[in-house]
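Structure in structure tokens, see below.
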Amino acid sequence: MEKLLLFIDYAGVAVFAITGCLVAAKKQLDIVSFVLLAAVTGIGGGTARDVVLGNLPVFWVKQPLYLIDCVVTAIVMFFVARHVASYQKWIVWGDAVGVAVFTVTGAKIALDAGAHWSVCITMGVMTSIVGGIIRDILAGEPSLIIRKEIYATACALGAAVFLVVHTYAPTMAVLAGVASCFALRAAAIIWRLQLPGYQWIEDHTEKRRASDGSAP
Amino acid sequence: MEKLLLFIDYAGVAVFAITGCLVAAKKQLDIVSFVLLAAVTGIGGGTARDVVLGNLPVFWVKQPLYLIDCVVTAIVMFFVARHVASYQKWIVWGDAVGVAVFTVTGAKIALDAGAHWSVCITMGVMTSIVGGIIRDILAGEPSLIIRKEIYATACALGAAVFLVVHTYAPTMAVLAGVASCFALRAAAIIWRLQLPGYQWIEDHTEKRRASDGSAP
Amino acid sequence: MEKLLLFIDYAGVAVFAITGCLVAAKKQLDIVSFVLLAAVTGIGGGTARDVVLGNLPVFWVKQPLYLIDCVVTAIVMFFVARHVASYQKWIVWGDAVGVAVFTVTGAKIALDAGAHWSVCITMGVMTSIVGGIIRDILAGEPSLIIRKEIYATACALGAAVFLVVHTYAPTMAVLAGVASCFALRAAAIIWRLQLPGYQWIEDHTEKRRASDGSAP
């Protein structure tokens, strides 16, 4: 189980790195930008988590294989991105597995450090989404926060399930957390689920006055 | 006094979180984005301060009530944002109080850690503005730095007054710092004060050539 | 040598700060934004490095002269930016020297902390580019990562040369690293060198269909 999680961890970092490279490829960037975006996406979330918790130096300074994982992925991608992009569907699913594992890993690290449950959930979400958010900002794309996908929601669910199950059946907690996060994300991908957006209505009096004109 | 400051501290975080939610509401985002923007705005500045000073884990990991403060604010706001927005005027004033308190809190934490006065002022400013800056970047809005409001200026003044008064009359320092920061921010809000922007003049020779045409 | 490096270090921070001020000047921002962009650009990279490595508090909290360096540079620039901008050519070269020194400083700090070579190179690159990246994001400009200049590449080369030479001739390592980084950056400036961008080709079948029309 430990080994499987570790393998998925490296594979997850690679998948995150690939999503960074796909953005780089679409913008026709050079190989160095491929590496930068791959690294930021692959290890950005865990870095933010470690900094906030005070687990310093951050994980990839202690275990540089994560860094090398990103760099190698980026170099390979620079030569094959075109072909990988046509498997975009697979990337989305790989990303979903990665997100599920990262969320539970992040929540577990916080729990082991004795953090409050609200902090554990936050760390789970942070580990999964910060890398992608920085990737989008650096690339000048609208960030995850603005899009209405169910993504952070799945992370919050997975981390919460992990914590609840951990109280009653610790040995099942990781599996339950990963499964629930993946299940919600999978449902969101398949049925294009969205949470309802806030219905903003401009100032009512103003609207009434303009009601014969074009509504905003 | 301690208790009052603590109350204002939580209230200030909530007001900052509300400004994050108002941005989320105008962009018609979902409830999870409300929570994310509320948290980033409410506790982002203090997080940056704690990281730079090495006070790790950061304050909201030690005291998760700050985190819960943001989450609850976001959930409430998702259902009432429309009505709160019409009190935008009040929000601006709440924000001004929050900024004044955060600035002095930030400067005080740095001072207690034995930092140089220049670092104390920087920490005061950082605590107050970083959350809002990240909020604007995440939401794709022009950040505080580009707008010409008197905001960071008020923070720098408040932190400086706090430090000067602290040397001569420590018991009055917090009050003096908060009051001066709030006063300048209030003046800026009421009279729409702006610092003069840099007058950029394009290359002179080019301008002379184009002097019969439209000046840049 | 130590003293020369220290002098170049402060001068490099000032040059980085100047590039922040030039962005502020072109956007006609006020003096406080000059200071903010100068500080972020001047000390942002080293801050990120120190945080990731866990060297906390960060360098400018321990040695506030770096902070004051940025603030003084910004205030001076607010009054003379117009004239400095006409020496933009000189700024680019000062920036190249700063980048070379920062890269090797960053790599050396990581090496002294016992980090893996891949981490040392990353720290060299991070020290040099993070400040400029945050500057561009705050100012709403396309970040370094999107532009195709040879910049991070020169940093990676300089850090790598430093590490290799350090193994065989430690006394020459700093000089060799700085020289190689500067040389590549200089070549990139003089001959406007670019790495080839990724050639993105949209879906082939689609392209064939549209082959009589305008190619993408």
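Which chain is which? They are A, B and C, in the order written, and residues in each are numbered from 1.
Rule of thumb we're sticking to: a residue touches a chain if its C-beta (ideal position, glycine included) is under 8 Å from a C-beta of that chain, and two chains touch if they have at least 3 such contacts.
Owing to the predicted nature of the structure, the values given are computational and were not obtained by experimental measurement.
Trainee: If each chain is a node and each touching pair an edge, is that a line, ring, star, complete or other?
Mentor: Shape of the chain contacts: complete, all pairs touching.
Trainee: Superimpose the Cα trace of subunit B on the Cα trace of subunit C, which carries the same sequence, then give the rotation angle to the nearest 5°.
Mentor: Fitting subunit B to subunit C on C-alpha atoms yields 120 degrees.
Trainee: Take the average of all CA coordinates in subunit A, do the same for subunit C, and state the distance between these two points in whole angstrom.
Mentor: The separation of the two C-alpha centroids amounts to 28 Å.
Trainee: Going through subunit B residue by residue, note those that touch at least 2 other chains and give them in order.
Mentor: Correct list: 51, 56, 137.
Trainee: In the complex formed with subunit A, which residues of subunit C make contact?
Mentor: 51-54, 56, 110, 113, 115-116, 118-119, 122, 133, 137, 142-143, 145-146, 148, 150, 152-153, 156, 194-201, 203
Trainee: Which of the residues in subunit A end up touching subunit C in this complex?
Mentor: Those residues of subunit A that touch subunit C are 24-34, 36-37, 39, 47, 51, 56-58, 60-61, 64, 67-68, 71, 78, 81-82, 86, 137-140.
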